[in-house]
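Let me give you the structure first, and then I'll get to my questions.
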Amino acid sequence: MNVRITVNGVVYERNVEPRTLLAYFLRDDCRLTGTHVGCDTSSCGCCVVVLDGETAVKSCAMFAVQADGHAILTVEGLAQSGTLHPIQQGFWDQHGLQCGYCTPGMMLTSLALLKQNATPSEAEIREGLAGNLCRCTGYQNIVKAVQQAAGALITT
Amino acid sequence: MSTDSTKTRHSLGVPMKRKEDPRFLQGQGHYVDDISLPGMLSMAIVRSPYPHATITTIDIAAALTVPGVKAVITGKDLEAAGLGWLPTFHGFDKQMVLAIGKVLFQYQEVAAVFADTRAAAVDGAEAVRVEYEPLPVVPDPFTAKKDEVILRPDREAKTNHIFHWEVGDRDATMRALEQSATRVSRRIWFQRCHPAPLEPCGCVALFDAMGRLQFHVTSQAPHVYRTALSIVTGIPEDKIHVISPDLGGGFGNKVPVYPGYVCAVVGALKLGRPVKWIETRTENLTSTGFARDYHMDVELGATADGTLTGLRVSTVADHGAFDAAADPTKYPAGMFGIVTGSYAFPVAHAEVDAYFTNKAPGGIAYRCSFRVTEASYAIERAMDILADELGIDPVELRRRNFVKKEQFPYASALGFTYDSGDYHQTLQKALDTIGYTDLLKEQAEKRLRGELMGIGFSTFTEVVGAGPSRHFDILGIKMFDSAEIRIHPTGAGVVRTGTKSQGQGHETTWAQIVAEELGLDPQNIMVEEGDTDTAPYGLGTYASRSTPVAGAAIAVAARRVRDKARKIAAHLLEVGEADVEWTDYKFQVRGVPSRSVTMKEVAFAAYTNPGQNEPGLEATNYYDPPNMTFPSGAYVAVVDIDRETGEVRVRRFLAVDDCGTVINPLVVEGQIHGGLTEGFAIAFMQEIQYDAEGNNQNTNFTDYLLPTSLETPHWETAKTVTPSPHHPLGAKGVGESPNVGSPAAFVNAVVDALSPLGVRHIDMPITREKVWRAIRDAETRPAATVSAR
Amino acid sequence: MIPAAFEYVRAHSEDEAFAHLQQHGSDARILAGGQSLIPAMRFRLARPSVLVDINEAKELSYIRLDGTLAIGAIARDSAIERAPWTGDRRWGLLRDVSRVVADPVVRQMGTLVGSLCHNDPAGDWTTAALAARAEVVVRGTAGPRTVPIDNFLVDSFTTAVGEGEMAVAVRFPVPDDRTAGAYQKIERKVGDFATAAAAVQVSLHANGTIRDAGVALSAAGPCAVRVQEAEQLLEGQRPSGELIRAAADAASRSSEPQADLRGSVEYKKHLAGVLVARALRQVFTRLGVQP
Amino acid sequence: MKLQYSGQERIAASPDVVWAFVSGPEKVLTCVPELIEGTVRDPSHFEAVVRVAVGPVRGRFTFKFQMQPDPAARRMQMRISGGGFGSAVDMTAVSDVVAASDDATLLNWSGEAVMRGPVAAVGGRVLEAQANKLITQTFANIRERLSQEMT
């Protein structure tokens, strides 16, 4: 069926099977491959995107047809005119990534988290990111990255 | 773009931000599943629900009628094409690509379906009808040992026993143990677990217009894949191009060649279209390389005052249905000989017997040098059991038996020559940093109140950087590694190596090594890996061999570039080469600082004004390490235990690592955090369990437990630096130390907390229920020695 | 992991959704948060031929607190977690649960009503609903009806929602200010189902004795179970250590868990007691009484 | 995943009648719950397609029944193998026909089921109860049908 989904400000009109998961719509139909798929059970969070500007969702647990008429933000939409988003900058400065596979989902979950809580404590960040898995960093530098981003977002 | 550039002159040891990050941060990483080619087909695999069964029929008719399905292949088709079997890396066994006649483990590959879309491929796989006649299941190596059911009649020897390997002096060790004042022995099991990188394995295969195989694959060792594929398929090696793009983690899981890869290549050949195969998580956990599964009987002897007299380890290894353990040819049990650890044993003996079972094949080096994690865990756990028996503080027992600083290079009882180390200093740093005396005081007080607090140590030594070619090879290929450096006219350059980063940050650290050796800007040294058309032949990245082997190759190649540059500098400075010295990252006339040229100037001259010298500025080195490197560390875990529920809280964890010279402290710390987290996961969560019927119980992330940010402890790190005497930079490698060293620290801490109850050991993973049972059993059976499984 | 093909219809109102259900009968499934359904579909264990998506039926997204607390079919767990009133100790039970269901991202889509309809034996909301004596509003062919939670939860993954019917809301009685609740859950890691969990809600008389007690267990039977014996023990009594122990023992006895990777029957029965005791202590602390 | 069940049915009929029933494939077939279609291949083999519907899990299981009667001991063993959802389910059901006091017969039965594949790994928690019902209900239905025939 036909869907009209705004991804990173760009409207994508596509014809998809209802069973197409949002994650594969983004990857295969929009060719936005920054959204990753790491598991079969919606456990890993590599596929997290932001729905309608504030809700972090696992795009492997949502069908593309559900997003019809909605706006999706993916990792490709974070940087503005070549400038990294404060969250991207934080992950870079604090060495919050290694293999980079969980990074897009981590950053988008962080974004939604900071929209709800602008000044999270370490404990609150660890709670807020507990729906995303990382195998490389041990999370510690990711926490630092989110703290740096929180600071930067407040001052801006 | 970053202030790091100003620091190029001291590039080594600089916490430089990673050069590769911008693409990952912006979703521009390039992973295998990101590849999309015109006309590309998707492949899905039909797998067996039975762990051991005869295949009576495979009916593909219905599958072929599914819209979008283009073809289905089975084991018979492959056998007819001479591709029924795939050699395993160390060359002692072969593995079915698609089941032929019977299946030997649950989720084994039975048929491959090719279709226009991912969905159609899955629909097709679902439509393939396979009938099985179940056979008796061999669920563990102890059952296998009885040889009542022979799993591999295809092999010459009609037994489930795969190999016996041993090292050391058995008789002398037995004598030493018999004469020891104190002896302790314990069966210690290192459970089967799985590396589970977040990116599953996969590939895209196509034959281009030139009939050349373009093979994009998640591989930690692309060159070995090229050679292996050539051997398996008979395609000339020049007609195979292996590209390993960005990898979403590997941890050893992406070393072996998997059946799915061969199927994809066959499909691409058969259908003349590109074929993509991307594993599901379930497929990854149930069919690709697992790790560990060593049942180790460890025995230690000591004098009354706690001086070690001997060590004996006898291991039963579960290798699964095919012997696909990724160990060097001459080392079927890998580096298990490191089981003497950091201690001066006069004698020791270790043996390993491996068996086939109805489980997935593997036995890969999961974030560790081959079988080093098993060995380190065994000795560090056993040292605590001995300390308990002797009534000596485990710290004191370790101190008393450490190999002393002045004993290096140290020849171990099991044949390794440890390059360097200062174990006493590393441990002391750990004790001071964690505040050991205060912790002991707190623990004593808590024990009076009946509270359970534990302090656990692990003072491990690993052996990494395989390896010297006289000992180490894979498929006969010596385990050297390589680097090729080209400096461009403007002083920028490119370095290519045979290794392959999976997140370790080679694009940054390799550039730092070149920049350090040549006084250039690391921001302008491009690093290229993973493309067999451009990179020099190398054995790849695993077993912490990148820095010890490829890192050395880069340094040596850079020095060759510098030697050539010196000649050109002499020409530019109009003096003899002997009068040119390399000081402060530039060439100058000996003793005349005013007359100097920079490497940048020399690079330009190499292409514009080389004088009598051969133009150009590049060099290649194939580095054959004279020895392995031996990183070490002292780890401390502090835990509190909830008596009611058995819950363990890791209050503090300190890792003091000695990996020799540090190239990039930022990257090293990141590696340590990650390794500790996987060690924590292994100690408390990760396990691939099979039930008595041979069913895999942990087939996805809802039951194969990976810790989240909430369970993961806060890590404290520190370091001591004891350079490797034989490595050009003194570096030893670090990526795996924390995963090798930490499990024992966690378990030792938990057992220490429970020791007042008489608990001596708990096998990993340490679940709440195991701890609760240990406590309850101790309370119901006072004064008895308790062990929970 | 790709679901089997299905037909998708989007309902913009409760009436539309209901109409679709009537039309498609037993082959149709309601898609709310989808956080349990979609993974099951990816494994092709669930393969409905029609999905009726109610996420656009915005009229069902309410969380209304007037005579009762009414929560609509697409109100998200995260919305409950963030609702201003959850800070109030009277709602301590719901607040506790809203922070431990699944994981924080799944809670952005997951719904309370959906969890009740899924009726997982190890569910969190089902257990809380029992302790808080909730009732579910079911839209049936004969019009809407209200089903007490005890009758709503029929068996594992089975509820009182009949063919062609749909649950549209859940209602919680508003506790008075001498009421508090708590939820205690032990899970192997964030996102896991409960190894064991206990929900407790207690109301006191002015004289400090217990007027009403709700005690329920998760992962202790085919579906969430009410521990009547514990409730009867508590009612009319003054909070005390012995009372808590007695209630905990009753819970442990009445727990009938399945052994699985999360733990043995013995361990889960033990935990049931421990968690009920902890929940009760927490409740009494929230009520400012020292047992 | 291995599951075990057992039970007893008290039937108001003579052992001969009960034995005749439980050793007749076409009769037993009609007692399989949620039956969509059934086919009797020969006196000791029949097949059944049953509807599985628990919560989100809905689909069909196809089972092959093999009857192994021991008339002397009045013991009927059934090997039931099949599956669905890309998974396998193997069951064995043993029933003993025992004469009870007065004019009643006891049908003592025990069953064992092994589930493999996604059904066990993911759907196990959903389907355990269902597998139990399949076996329990079959024997309950046998009692029902027999008592109907008696009256």
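Side notes on the structure shown:
The chains carry the letters A, B, C and D, assigned in the order they are written, with residues numbered from 1 in each.
The rule we apply is simple: a residue touches a chain if its C-beta (ideal position, glycine included) is under 8 Å from a C-beta of that chain, and two chains touch if they have at least 3 such contacts.
A quick note: this is a predicted structure, and the numbers were derived from the prediction, not measured.
Of the two chain pairs shown, C-D and A-B, the one joined by more C-beta contacts is A-B. Centroids of chain C and chain D (each the mean of its C-alpha atoms) stand 35 Å apart. Chain geometry summary: the mean Cα position of chain A and that of chain C are 29 Å apart.
One inter-chain figure worth recording: chain A and chain D are separated by 50 Å, centre to centre, where each centre is the mean of the chain's CA atoms.
For chain D, residues that reach two or more other chains under the stated contact definition are 86, 118, 122. In chain A, the residues that touch at least two other chains are 17, 19, 40-41, 43, 127, 129-132.
Those residues of chain B in touch with two or more other chains are numbered 118-119, 126, 280-282, 697, 700, 702-703, 706, 708, 710. Looking at which chains touch one another, you get A-B, A-C, B-C, B-D, C-D. The part of chain D that touches chain C in the complex is made up of residues 54-59, 85-86, 118-119, 122-126, 128-129.
For chain B in complex with chain A, the touching residues are 17-18, 20-29, 31, 33-34, 36, 118-119, 196-200, 246-249, 251, 280-282, 502-505, 666-667, 669-671, 673-674, 676-678, 700-702, 706, 708-710, 712, 714-715.
Chain A makes touch with chain B in their complex at residues 17, 19-20, 24, 27-28, 31-41, 43-44, 46, 74-76, 78-79, 84, 88, 91-93, 95, 97-104, 107, 125-127, 129-143. Those residues of chain D lying in contact with chain B across their complex are 1-2, 83, 86-88, 90, 114, 116-118, 120-122.
Residues of chain B that touch chain C in their complex: 118-119, 122-123, 126, 280-282, 644-645, 647, 685, 689, 697-698, 702-703, 705-708, 710-711, 767-769, 772-773.
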